[in-house]
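The structure under discussion appears below in the form of structure tokens.
As written, the chains take the letters A, B, C, D and E, and residue 1 is the first residue of each chain.
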């Protein structure tokens, strides 16, 4: 198969690069027969951002092996979810990948909607797409700018964080919170975009590209940055798939797998966008892929804003979607529905459903088993960070400590998603 | 009139010492404000008007913080490290000529801590001692991150000192002296149109400034203490004023490096049209007063140059990513040193041809 | 992926078109039956369009290995796997659920196995998928399922000295140290 | 891997040009960018002297609303407590006695109503759950930091709106229907 | 309000007539207090969502540097203020305690966000129900996550503490007893 040849090709590039690096970091174990040092990286090391520990065996500055330990912020999401009515799980999903909470929220809503068989009106779907793509942009922004911080350039981070602040403002206008959004409801959004929100959104879409271009021009072709990131922490497509990579990290390795295209949800089939893919899955590739995805997300937002259909912002599902407040105050039937929904006594069908969305870090899956009760019988989250962080210790072997840190931040491991 | 001269000189020494400390103190403030401004922020503004008391607050806080000795550390060396770093940093500013001379009657006061004819050598010797402070501190901490930082600092300083020295040799070839005052004076001779050395030595200057960044452990060469990799590097285990001394030493080193660069390449206390101005003033004020005014303006000039360099140091720090350890070594050994040698040859050739002198 | 873009585009266009070779759930099922026999799978259903089948733990390793190598279906991506606990199902209290995905054909397959809680032993998949490593550790941590052959089967998310497997249904969610919950009427 | 879709966009990684290899151009470009920001307008909001405007739907500190006659709206139905994912709301219901009609709007009322602000995650589900428009998350107030953990149990003394209508939270609150009517009437009058 | 945390320790009562030294001591104390208040270097112990809001606090819009706190000290030795942000699981608890023990006096602790303060929504077997079970907390900042304004408010509360605190606080029996109750030597 031709595929195998190209795979071998990328493999060769990485191997060569590795070898080159080995030669650069000259003294090796065999040369001096030295003892190895054990370096405990984390759990409170500044570069781990979230919390995970790596016990590294070091030969000078070169990493010989690494043992990751995780679970430092394990919060028992799956167990808590078994005790909560469906609508109360949304705040939990907020705290999984907290860099892009809306994607998690919407993913969860869509899972439940799939279970309940609700069709969401087009306008709500487009609104969701806008919010999800905003979330993706800021998620990637934070990852790439943190990569800058970890290579020593703090300033770019603060430049793009201002954009993040502006996105927070939009979130706040739409849902009332900045970070843990609890955005949307099962069956749609909790409220329509206000004119202010739309205006802020349009303004942001117009102003953001300049900042993004500036950010890119600070790093993209800066030799110091390129040297730091190229051929660092590379992974072949074959290995990446074996490790269950998804999202930007897999695309950096050259596989154009994107849930938005493969299994379109929430009207993603209506939008024109490309899937950026890299060549050899190294840190620079991941950086480039994320940057390009920001541009593609911006494209999607522009299209969605342009074609935002008129209509209701939530599904007509009185059993699941809360009636309007005014009706609750005045209408007995609405009040009964209101009580039933809040008490969690909605009739969920028995069944199991797997739904996945393209989260900030890859395929974010929700596997919901319902036994018809008010809470899920079992809810399993496919958390992309948890799955791909396994590969980290293999990816950094043979590289220097600095590379390990750069690799870590370019993989965008979010502790909340890692540990659940 | 022996004693008064010594007295004056002692005063100058004290002033130089004080200025070094003051500049180092306010460099921390400048760093914060400049970083803030480069990053669209406003920086400290709540400690005193515009936050100018911020460095004092930091200093007082550091002085009253708990002293701490890590388990298994060598206590004597642990204290000795920061002291050495601080002392060497302060010593270096002694030979920098901050101005020409002031004349009071028959007394001539040179605005320089001490005038030695091996000033350049002295600066180099003292500054390169500074790395011992870091090494000792890093080693005595009994912490792997500190040790890694210390090792990085040592190897980095050694390799960059070479290139720095070679860049200097080109300057010395032109000047023929090691005295910083002489070098300064040569860059501007009355009656002749003399350029500052930067014009004659652009390559040398670039090498020198890169090495200066490395010697002072500033980004992009701040590997010994790079936060995201080594937590705090060599000063991870230090608390209270001992850590403050390290931070201080770094800023004094920046100050010294800036001063040396302004002296070597930017004409020190010379400024354009100084002789014309002196002659003009001499007509109305008399020669002595005119010279004194020029000297004071020269002091202003040298400090403007120094502050610009300090600003540049900070500007670069908050802009660039840092190197990786091996890349930094490669840059030092395979690019800067050959370039410096080439620069020496070029300078030699040009001197031989009489293009520069 | 070094292929020129045009060629790639042409290829995938061919895939997306309605071609008769398109892999459907029915065809996957037929293939499965052909490869492993009719009796290998029970409880075959398609909830929400995702082919689900139950098999036995004796066969699961073999099935997943064969499917990974299978050139036709290319079910070679292990999306996720998780344990499950049904205390009421006598003799098959514990279960493992595997989600396989064929990226090329965009078909998913869910495989389940059930086994008694007294004998929670399942063959490891770590020799097939590197990604199975932590997922199995998670299943061990949560449900106490033991994977012989796993290189490093220790707790992953919880503290080492925990003496129970918290996701089993009989264990409470709360650890009882919460002091500020006084509500007896409205709590769950 | 063969391509999975026809949308792949291969990112070109150009080798470094000579200028890029020489470090300096990129460095100067970076320096010019930061210098531009040095002189640009600062984004900082000098909190607490300046405050940033909040959106009208911001989910801040809770308030227990009164109706336009100053009666407490809460009827202690407990929906907010059920809806709370953090289990932060506690209440004890009581029967309204004769003569208390001016205090409580419904026959049942909350004798005590406590929200544990440390537990609360400000998700707004209680506000959504309330069928009597009683509990709201104010858009202009945030729960203040405090020194002791006990101080975070907000009882009715701190949650219920003050009796005087003028002292009540004005900005950003979604008005109850009566309030909206009253407000509209008020606005219509002076003209 | 919190007389244990900030005890009003009087220096040895000066005899009548020798108030100069007492005056000097109290002024020095005041100066030191103000200095400490304006130079609180935080140790951002960020585990989850609140860490992102802390980044926002460091960012250009809120700029924690205005309070003199922009130098995050990742080494506990140099930090004055331990900011615990985000969920602390039971697995993490010993590490938080160790970090606290490694900090040099004077040290303050700010618990940011519902999880660190009380466990928040994570009332589960793996989450510590508030870090005040393992280390003494000076200021609690509610919210999930708190807005940067609230974080700055909390920082100002810590500044208040630092400003009014006796220099000899850590030698006082009350403080020792407090540490003792947390089993911190």
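As a working rule, a residue touches a chain if its C-beta (ideal position, glycine included) is under 8 Å from a C-beta of that chain, and two chains touch if they have at least 3 such contacts.
Predicted model only: the values in this text are computed from it and were never measured.
Following the contact convention of this document, A, B, C is the list of chains adjacent to both chain D and chain E.
Note: the chain lying farthest from chain A is B, by mean C-alpha position. Comparing the chain pairs A-B and B-E, the larger number of C-beta pairs in contact belongs to B-E.
Among the remaining chains, the Cα-based centre furthest from that of chain D is the centre of B. For the pair chain C and chain E, the distance between C-alpha centroids works out to 46 Å. Taking each chain's centre as the mean of its C-alpha atoms, chain B lies 63 Å from chain C. Here the spacing of chain A and chain D, counted between their Cα centres, is 25 Å. Centre-to-centre separation of chain B and chain D, using mean CA positions: 52 Å. For chain C, the set of residues that touch two or more other chains comprises 1, 3, 103, 106, 157-159, 166, 173, 180-181, 188.
Contacts with at least two other chains are made by residues 35, 38-42, 45, 227, 231, 318-320 of chain B.
Counting partner chains per residue, chain E has residues 60-61, 63, 66, 74, 91, 118-119, 121, 123-126, 144, 147 touching two or more of them.
Interchain contacts (touch definition given at top) occur between A-B, A-C, A-D, A-E, B-D, B-E, C-D, C-E, D-E. Contacts from chain A toward chain D in the complex involve residues 2-3, 7, 84, 87-88, 90-92, 153, 155, 159, 162, 165, 169, 172-173, 175-177, 180, 182, 190-191, 194, 196, 214, 217-218, 221-224, 226, 230, 237, 241, 254-258, 261-262, 273-279, 284-285, 288-289, 292, 322, 325-326, 328-329, 335, 338-339, 342-344.
Within the complex formed with chain E, the residues of chain A that make contact are 43-46, 49-51, 71-76, 79-80, 91-92, 94-95, 98-99, 142, 158-159, 161-162, 164-165, 168, 178-180, 415-416, 419.
Those residues of chain B lying in contact with chain E across their complex are 32, 35-36, 39-47, 51, 53-54, 56-62, 64-68, 227, 231-232, 235-240, 243. Considering their complex, residues 34, 37-42, 45, 315-316, 318-320 of chain B touch chain D.
Residue ranges of chain B in contact with chain A, taken from their complex: 35, 38-41, 144-145, 148, 219-220, 222, 226-229, 231, 318-327, 330.
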